[in-house]
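Order of writing sets the chain letters: A, B and C. Residues in each chain are counted from 1.
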Amino acid sequence: MTTTTDSTAYPDLTRLTAVQMADALAAGEFTSVELTQAHLDRIERLNPALNAFLLVDAEGALATAANVDEARAAGEELPRLAGVPIAVKDIACTRGLTTTAGSRMLEHFVPPYDATIVTKLREARMPILGKTNMDEFAMGSSTEHSAYGPTRNPWDLERIPGGSGGGSSAAVAGFLAPLAIGSDTGGSIRQPAAVTGTVGAKPTYGGVSRYGIIALASSLDQIGPCARTVADAALLHEVLGGHDPMDSTSIDAPVPPVVAAATGTRDLTGLRVGVVREIGGEGFQEGVQARFEESLDHLRALGAEIVEVSCPHFTYAMAAYYLILPSEASSNLARYDAMRYGLRVEPDGSPSAEQVMASSRDAGFGDEVKRRIILGTYALSSGYYDAYYGQAQKVRTLIARDFAAAFEQADVLVSPTAPTTAFRIGDKLDDPMSMYLNDIATIPANLAGVPGMSIPSGLAEEDGLPVGIQILAPAMEDQRMYAVGAALEARLTEAQGGFVIERLPEVPERAPAAAPHTRSDETEEARA
Amino acid sequence: MTATTGGSAAATEFLTVPFDEVLTRYEPVMGLEVHVELSTATKMFCGCAQSFGAEPNTRTCPVCLGLPGALPVVNATAVESAIRIGLALNCQIAQWCRFARKNYFYPDMPKNFQTSQYDEPIAFNGYMDVEIPAEDGEGVETFRIEIERAHMEEDTGKSTHVGGATGRIHGADYSVVDYNRAGIPLIEIVTKPITGAGSRAPEVAKAYVSALRDLMKALDVSDVRMEQGSMRCDANVSLMPIGAEVFGTRTETKNVNSLRSVERAVRYEITRHAAILDAGDKIVQETRHWHEDTGITTSGRPKSDADDYRYFPEPDLVPVAPSREDVERLRATLPENPAVRRRRLQGDWGFTDLEMRDVVNAGAVDVIEETVAAGASPAAARKWWSGDLARRANAQGVAVTELGVTPAHIAELDALVSGGRLNDSMARQVVEGVVAGEGTPTEVADARGLELVQDDGALQAAVDKVIEGNAGVVEKIRGGKVQAVGALIGQVMKEMRGQADAARARELILSTLGVEG
Amino acid sequence: MSNLSRDDVAHVAMLARIELEEHELDTLAGQLDQIVDWVGQVNEVAAADVPPMSHPLPLVNVTRPDEVRPSLSAEQALANAPDPEDGRFGVPRILDEE
């Protein structure tokens, strides 16, 4: 049943966009098995260097692909992305497939159920290539905090791919997968997209079900698409979105018309684009700032009006976030106690359950996780609640009010997504504070629950690495950021002679030797 | 228990002073926390069925096992039950309230936090009037218990301790956990401090829990089986010198699981506190365990720094904001208050206070009401349900309604007796047959051939035979000792294999002997 | 804002059931002291009359009908258990509390 692909038309299937793949599959130009196999081949070749995937499910992916091909051959009506492979961040529970959240704690955890979004991917009949690496329990901005070794940035193997979803961003940027799932609690979709030259969108809080997503901070976490183009992201967003009765915080309303927005008019005449005074300037890399200014020019050229807005309480967003997140996380991660599942470490003698819990949690959690659990436990503890957690929630209200005021003056807000391009692996590992500051531009959206996306705005002149621009829209107006993102993307592509990601250099098959904090050899063996 | 070795703290486990004497010097203050498991079809936050006695860990899912990624969704019926309970307790119903997380580690708690309402209960500021027998022994006294709040939460799993000498948690080698119970909806009903009960405090505590149980039954929201743990009571007790303004240090006695134990445990703690205070020592604020067998409490664990539950609003759930229309709709479904109803029925049925108390204690109010409705006389219904059937139920350790005997059966039986077909002893045999599943009373009577002999011929023959064989007794009767006829009646009944009307047998004996009855 | 001492960290680690080794305590106490100092800047904001925001969306009354859904089998429930025993979860001896 497989047809031979015209190798001149498609010299490398992995270089296509998801839209092109879907169209070509629908037209019968190649099969899903061929497309999936092409990605599996590339994963086999490059994953040892990138460490983007923690687990590759070749068998499962090919079975889904074959099934789609048969259905298509039988003339069955198929969903738009049927047969287009996808990578899933290891934060989403996949029935029968080990799900670790990047933690030693869950090294052997095999969920008995699928996350709702995984069910949706299966219903969309998308072959799941495997599970992608991440900072442990999504705590981090570099993927260096994975228990299974850091993921490397395809643009430069000595640099981080962002985090926490560095596995997904590296897989998409390195053409190991056309699409991937991300989760964004403070920027974990958008910042990795920015530093890998890809597109990442965090929907409105509640727009995508969290059921089956290993929780970091419940009131901040949101699932979203990672892709190479805005249109690809929109297609995946549409698959993922929608009400889920299993998630009490899920919005009971239709998915915003993101696909229409991403493929509609490129004319932004009359659109008010707000630049947030408090994001940018000091601490932002020169090349990042330059690309951002250039993007503003492009937006003007598209007909948009650029206005400056002030969000005075954004200054306190980081502090509020680093109280709310650890507080919720300290409680969400309490369930990892070695009683029902997960790593159990028994100290010598006849230890009590309490001692086994404490030893297992010491052994199963990495430093960053422990840091945040302890910080959160402290912030919630008796006598400190009002000054820390309670006050952070008030600041959160003020940030939401700042957004409301800003969206009176502007239809969307823009900023650089991250203050710098990808930094070197190991550079910030021992300085948690400077690591945290990476998310300065992305965090306010999580606190307020508004949607945000990052699209590539070009390469920084000083280091030749990708830079991202963030577009924020009001809650439940996700389509606005897609419309602006698609228009800007088209304009940039035209001006720069192609998508940013097309300038990705050849990815070496071997990682540079002796990169700091790497344990990938050992873990590859352990998990392969 | 373990307190045979020295140390004054251990010794005070046994040192108590006479209860009545304590009350001349101290005022007891109680706070009662009652947990009621709701009898919803599913758990509080997931769709797992709740069923008592299911195979271990067959009623769990990712949510109630606390698996990574699982999220709770509130059971709508549990919220309605909570509101109805609140209304029945004369509480205000919150316009807007939330769940919180109570964080602490324990192996039977899957998430290591309990999802519970903390400072925003669904119902608050209520009261319940309970009745205790008046001190002079005549009538009842009403005592008002103020309700602080009633809030929703979830139950934990159940640990079984393996190894060790006692099977108790102390000294066990390890434990095994069944999470079937984890996540079952609980309503916790908390009283305000109960003062002014004086020496009646233990009785008031028992009467309150009993009244609460009746109320839950009337609302049909819980099985309220204390022996199965679907209703559990924690009793806080403290003493203050009479005339003092400030409450003393309290202890919390956990899991007091029968009405009788509530009374005993409160009484025990009052005397124990008094002994400690009298000795000039201080009460340690701690939880205590009640021992049903020995009737004492023992030290659990003291309150400590580790009791920092780090409550915060549950971010995986949204607020509960019952509309006033919904609250009124639920108010309209409230049953008659059980105490009011009992007084009404007692009047209708003409029962004495003592009779009514037996009926209530037998848990037979509802079933008598149904039996009367089915046509039986109140007296007959009472006689059966709080007499013979109550004894049988008690012997089998089941509720009187679980014997397989229906109100219709008893009404039918009463008709058979009052119609003259059965006498009392035959009726008891019929009940035995009904309990044994042999059919309806008429079917049992037919199958067992139970029927009073209506034909005087057979009875006269038996009378003649007995008179002939008992010359001595006959002499006595003829000599004026008419009461001796009883011996002859007994023999006649024996001859008739019980199937005779004893009164008719007496008439025939006396008329045969020519003696005036 | 008072800063976080090594003892505070040890106490909080106990609450969080994490057995920290001595060297971990040293490192963490230093880092956390700095972080706590930094997050404490939320108190620079005058917010006495500002309501706390615990949730991004103003949803209320999300419930499900009281209808039974399938449970996992005991085998599925216990599949990841470190020490299953006879359909139950084996756990080390439990200290007497709660």
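Operating definition for what follows: contacts are C-beta pairs under 8 Å (C-beta built on N, C-alpha and C of every residue); 3 or more make two chains touch, one makes a residue touch a chain.
Nothing here was measured: the structure is a model prediction, and the numbers come from that model.
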Centroid-based (C-alpha) most distant chain relative to chain A: B
Most central chain, Cα average position: C
Chain B-chain C separation of Cα centroids, rounded to whole Å: 39
Averaged-CA centre spacing for the pair chain C and chain A, given as whole angstrom: 24
Chain A-chain B separation of Cα centroids, rounded to whole Å: 57
Per-residue overlap in chain C, given as positions that touch at least 2 other chains: 14-15, 17, 54-55, 57, 59, 62, 64, 72, 77, 89, 91-94
Where chain A touches two or more other chains, by residue: 109, 112, 219, 245, 248-249, 330, 334, 337, 339-341, 350, 353-354, 357, 377, 381
Per-residue overlap in chain B, given as positions that touch at least 2 other chains: 62, 65, 73-74, 105, 107, 112, 173, 175, 177, 179, 308, 310, 312, 315, 317-318
Parts of chain C lying in touch with chain B, wherever the complex brings them together: 11, 14-15, 17, 54-55, 57, 59-74, 77-78, 85-94, 96-98
Of all residues in chain C, those that touch chain A in their complex: 1, 4, 8-9, 12-21, 24, 27-28, 31-32, 34-36, 38-45, 47, 50-57, 59, 62, 64, 72, 76-77, 79-83, 89, 91-95
Partner chain C, residues of chain A touching it in the complex: 108-110, 112, 205-206, 219, 245, 248-249, 251, 313, 316, 319-320, 322-323, 330, 334, 337-342, 344, 346, 350-359, 361-362, 365, 367, 370-371, 373-375, 377-379, 381, 387-388, 390-398, 400, 432-433, 447-449, 475
Residues of chain B defined as touching chain C within the complex: 40-42, 46-49, 55-62, 65, 73-79, 96, 98, 104-107, 112, 159-161, 169-170, 172-179, 287, 300-301, 305-306, 308, 310, 312-313, 315, 317-322
Of all residues in chain B, those that touch chain A in their complex: 62, 65-74, 101, 103, 105, 107, 110-113, 173, 175, 177, 179, 308, 310-312, 315-318
